[in-house]
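In what follows, chain A forms one complex with chain B and a second complex with chain C.
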Partner chain A sequence: MIDIMCEVLTPKNLAEALLLLSSADSTTKILAGGTDVVVGKTQGSKRFADAETLIDINRIEELKGISEKNGMISIGAAATFSEICKSKLVEEKLPLLKKASNTIGSLQIRNRATIAGNFVNNAPCADTVPALLVYDASIEIKSQTATRNVSLQEFLQGPYKTLLQQGELVTRILIPVPQQNYAGDFYKLGRRRAVAISRLTLAVVIQLKEKKIGDIRIASGAVTPIGTRFPKLEEFAIGQKMTDNLCQELAKKMGEEVLAVTGLRWSSAYKLPVVQQMFYQLLKGLER
Partner chain B sequence: MSKDFSIVGKSVIREDGFEKITGRAKFADDYKFDGMLFSVMLRVPATHAKINSVDFSAIQNNPSVASIITSQDIPGAKKIGMIKNDQPVFCDEKIVTPGDVLAMIVGEDETELRKLLTKIKVDYTSLPTLTDPKKSLDPDALLIHPEFGSNLIVHHPLRKGNVEKGFAESDEILERVYTTQTIEHAYIEPEAVIAIPLEDGALKVIGSIQNPFTVRRIVASVLNLPNEKVQVVQAQLGGSFGGKDDTMCMLSARAAVAALKLNRSVKIRYTRDESILESYKRHPYILKYKVGFSKIGKINAMKIDLLADGGAYCSMSPFVTWRSVVQATGPYEIENVQTDVRAVYTNNPYTGAMRGFGSPQPIFAQETLMDEIALHIGVTPDEIRRRNGLKLGSVTATGQTLKEHDVNLIPVLNKAVSFTNFAEKWKENKKNQTGLKEYSFDQPIFKDEQFISSEKLIKKGIGLAVSFRGCSLGAEGLDQSSCYISVQPDGKVVMLSGLAENGQGLRMTLLMAAAEELGVTADKIIFLENDTSKIEDSGPTVASRGTIMGAAAAKNAAELLRKQLEKVAREVSKLDETDFISFRENLVFSRKKGMIAKFDDVIKAAFENKVELSAIGRYKSPDVSWDEHTGQGDAYFTYVYGCQVAEVSVNTGTGEVYLNKITAVHDPGTVINRLGAIGQVYGGVTQGAGYGILEEVTNEDGMIRELNFDQYLIPTAKDIDEIKPLFLEGNEKYGAWGAKSLGEPTLELGAAAIANAVCNALGKRFYNLPLNLEEVLLGRKLRPQDLKRGSL
Partner chain C sequence: MEIKFVLNGKEVAADISPSIRLLDLLREKFELTGTKEGCGVGECGACTVLMNGKAVNSCLVLAAQVNNSEILTIEGITNGEELHPLQKNFLLNGAVQCGFCSPGMVLSSYALLEENPNPTDEEIKDAIAGNLCRCTGYKQIIDAVKQTAKELKVEVKV
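Take a look at the complex of A and B:
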């Protein structure tokens, strides 16, 4: 009994979509997979309450596809998680993104939900955000008059808030191909093994040279107001030897940072020990 | 079983399977009628409130509103109930729980009606709430239904022997308190019903109805009509698990009142949120156990005090708690038992029948307690059960001597234990226990020793639980069933049953029983839709009685008919009196002449000779007895036995419990449809696992937090790895060829077995269901302080 009254426009190409967006006001929303918009509208979410028109971007070829060019992997904003999971390129070059995409919802949700939708909605628990952050993803945003590129980190402003302006559309996600000697892993904890909202996500990529950390990038989701990198931790770690002691040290520091951002909340009694323990476990798995 | 069956015991795909997986099956909401109206419910966002006035003026003249329906429109009973009439059809004076409905508005456009609901002005005064059942019987407790003078719904006492003497003679005594949570049935199809006015003021109801006869009785009482003027037809049912009983009576009654008032068809269909808000739940229990035992673990005495939260209405509480009082000790022979079970009113969502029906709660307590006793005296969990378990000739807590059936408790236990190599694994896991780290809320940042070395992160555990379960209704009520079969001139058979298909596969089971007895293939029989005006009242389809009562009636009907056909075959083939005739797979055989005819030929001859070609088979339960003052009697005429073993992996860093394997050994008597039986085990085990580790309906001052499946989590296929069903088919004289019960036994053991397995992994015992992430890691539940959902 889903009954949402909206006008749905289906532009056939990017130019048409941008034209439609150029004259749109706040009552127009972009419809990609619909797994947030349709559900939110049905539940009476305030964020979608004023939506009267939906611009369906699923038929736009320019927003699809996953390709590699000049050391950059480019993923179409409307690529679904099922497409990402099936991509050989993603599997080979961006294993954390594949792992994160695979944990999202159910097969039915992954068949619809899109990668850009995940971070444009910017829920605290967006599963692919930590993976994209450690891959230093940036995004291409277009309007009828301009194109701009922003790093994802900068794009994400706060829970359900981004830099996306009226009239703009995220068109592609751009990720520099990680160098060969990077290792990494992604971890998700939910209340069950499928169709679960994450309680905690963690992503790490690391470059080790003779046990020394040459480079490290760390991100988390669902324990902070939005998915975020940990630059202080990264700075602290770089140049140090990857020892058990360091793994513990980093895990404690992550606990401190999370605590500093969130303060003690109802869920902290559970989440704080778990974030430290599982970040430690994740690092131990990368210690080789 | 030595009998050579042609179809019984085989795996047969259910007759409605194709329709269901191709989307052709017609569920209640799929029915549409000309001029049909919809009806939507008016509620207030309060838990307990006095309704001062309801002002409909803003919508009264709205063209979208065909009618406003209030309790003024009810011609008959304004309050209904399964046992006690305490639930108003429309609450015009006060509400006692948030699901309560004040009135409805009826019209053609359901979406528009829902919008109009917000324009109705309700003036109400919130009243203090009572949501803690422990306070319900306090002398100064507010009364949910003041007219009853107390919040006590029912008290079942049981006295056997002398517990004080038993404790005095014991070497050790343990006292424990357990809690179990409220859970939701979570049937896939939310409630839907259509009331259709017929000629002469009669009425037809089609709906997602578990028990058509109960709905007929309630609707007739609300409309003040005789039973025969109300016809109830069951649509294909998308799951029930005991949950489409009271709620469907209520919705049917409301739709019926509107339909008769307007003389038009009226449909009510619930969204998931409304369904969870208003429908009843499984009772949460507080369970206190005191047990005295000897050095070798022989239990001398058990004192049990159970408190069930009945919520705002009585519903099935007296019967649910009655099963608890009979089975609360578990399947153990104990000389001295004192049990008190009480159900009380609160302002919480009301609780009633749910698959298990008063057994999963005490089984969780008593089966984890048995493991504690085993640990105390230093034996394995299977051994403590062997020492105390019921055997042939044992006397139960209610004073019933177990006889005249296979008392298969120890055999199912032994089969499960040897199949899983239980004792060895249990000892090995116990040796590897490392316990859990302690965490401090005030000093949340880890000290070095709080980190777990990676190889110790995941711990393995194995645990088991056993049960005995009384079949069918027992001393709860009248226990009989009917089945009508009739053969058409072309040899096709039609069947009508008084028991209902609830998605469990009953149709196929009954078809197979009749086919076996009649000597035809099951595809020759057509199961007609369940209709109260065409067959005798056979009681509700509950208490795992579908097979034991239903298949027996189907077999009896087929037997009556076959005897008629035997006479015809004998005459037509001119067989002598000493020859023996048998029917098998659409053919008729004589011992002397071999195959003598086809089934269809015998039917043709019978039809031409004007022989009666229909029969009504009946089955009634043997007598049972009960003394409600002492809790003594032969509570059920027979029992089934089961043992489940859970093998788990526990993440000591997160508290996650992963179910690697559940082995389920059950004695259902004779298995009729093996595929259906295996399906029951898969479903029951999964539901039991949800109860054990995931599911919980919580509330904030009576307001439910988990109103949809984004918050209320049931297990997915990914949460359990392997389920292994094993049947130990005992000999039984009741039912069809000794076919007893299976549905509920499969779901009642899981939570206890899992809790024991987690304890085996961690060395830590859990007393409060469910064993969710926080319970396992921190030993307590954490709740958000507000009712905000997801991304709202």
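Take a look at the complex of A and C:
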């Protein structure tokens, strides 16, 4: 019998959870789907070595649900990927998020794993991060005494490092409803289709006006140390005519930017042409 | 801690450590050994059970999280001594060889048919993508699920 030897607290509402967190130290961790924490504990991961108390946030209504209000879509931090995949609102307005959520683990994992759990540890392979970044997502963070909103890009500081402070909890993910004339796509490359940790992920949304790029947002996951946008590349593309030449040029530049971030690695000979081809194919799919 | 939950349709209680896995709670406390442990890290699906109607890996759920929920294991889908149509069709289609993945496969298929009585091949593949089989082969399993869907539909019509 495996016992991960932790106390498990089950607050019934957000106020209770924040109260528990306010007096907690680093030995207290948040437990949601358990797909990271429980595996981390049973496998002896260093990230959870000091965890003695787990706060289970699954039963907190305030952290659930997906809704739209005043041009903002609000997703509960503890919404599961199955809930996100089934949401009509997400399907209609955030198709890249649906596509990315659908590539996560297996149905069993998606039935438990939560959206905030995907990025709150800032693991480089978090599949929803590139999609959330191109949608300009921000997150609401609460402690017992304060509420603050930060952009996801700012929240993600470095591999396994975020802005989250002791006593704070990610409560909601906020995404401005994209305008109608945006098209986009997401691609994940893993060793197989199901239950695979992503090797490379890319997301792009684009607004075309008479074949000219009015706006473009590009983000990567897994291929870079943390999920990131490509502002230089975006700036270069905006205003240009969407041609095959431009797609090729952007793909080439994307490779150079990735290389600049990661440095030359043993895997670069494989990864660079793949990331370039992936990006080229994504852009071609949106050319219309 | 004392937990209460519904296990295979019956209300049960257990006085256990809150941080043991649901998998161990089922196998060792309730002696329901139909639920198997494969990888123990949520990748193989051998420990699949239904929690509130949804397929989950019981190796990733802690006992404290089971409190006040409904759990269905492979032992709970039979009607007394009579096998569930999925179990019968797994046998008829040769979808069981070593049998280690079968309880999880059957429960993932069960959850699928509850939600979608008329699944396509792709939907079946998606539903069992988190259940690894290393000897039987997936074709027979997919055939068994398809045959069951057909039979259950006929029953509903009558």
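Rule of thumb we're sticking to: the second predicted complex is superposed on the first by the 286 of 288 C-alpha atoms of A that agree within 3 Å, B and C clash if a C-alpha of one lies under 4 Å from a C-alpha of the other, contacts with A are read in each partner's own complex, and residues count from 1 in each chain.
To be clear about the criterion, a contact is a pair of C-beta atoms (placed from the backbone, for glycine too) under 8 Å apart; a residue touches a chain by one contact, two chains touch by 3 or more.
What you are looking at is a predicted structure, and each value in this text was computed from that prediction instead of being measured.
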item	value
Room on chain A for both chain B and chain C (clash or fit)	clash
Partner chain in contact with A:Leu259 - chain B first, chain C second, else both or neither	first
First (chain B), second (chain C), both or neither touched by A:Leu54	second
First, second, both or neither for A:Ile109, with chain B first and chain C second	second
If touched residues of chain A are counted for chain B and for chain C, the larger one	B
Touched partner set for A:Ala146, first chain B, second chain C, both or neither	neither
Partner chain in contact with A:Leu163 - chain B first, chain C second, else both or neither	neither
Which superposed partner A:Ala269 touches (first chain B, second chain C, both, neither)	first
Contacts of A:Ala15 with chain B and chain C, given as first, second, both or neither	neither
Partner chain(s) touched by A:Met72 [first = chain B, second = chain C, both, neither]	neither
Chain B versus chain C as contact partner of A:Arg193, first or second or both or neither	both
Overlapping segment of chain C (options 7-15, 43-51 or 97-105) - the one that collides with chain B in the superposed model	97-105
Overlapping contact positions on chain A, where the chain C interface meets the chain B interface	1, 3, 43, 106, 193-195
In the complex, chain A residues that touch chain B	1, 3, 36, 40, 43-47, 106, 121, 123, 160, 189, 191-197, 199, 248, 251-252, 255-256, 259, 264, 266-270, 272-274, 276-278, 280-281, 284-285
Footprint of chain A on chain B - complex, ascending	110-111, 269, 271, 437, 439, 441, 444-446, 448, 450-452, 454, 457, 653-656, 658, 694, 710, 713, 715-719, 772-774, 777-778, 782-785, 789-792
Residue ranges of chain C in contact with chain A within the complex	1, 17-21, 24, 28, 40-43, 45, 48, 51, 54-57, 59-62, 64-65, 67, 108, 111, 126-127, 129-131
Chain A residues touching chain C - in the complex, by the definition given at the top	1-8, 10, 31, 33-35, 38-39, 42-43, 54, 56, 58, 82, 105-109, 111-112, 193-195
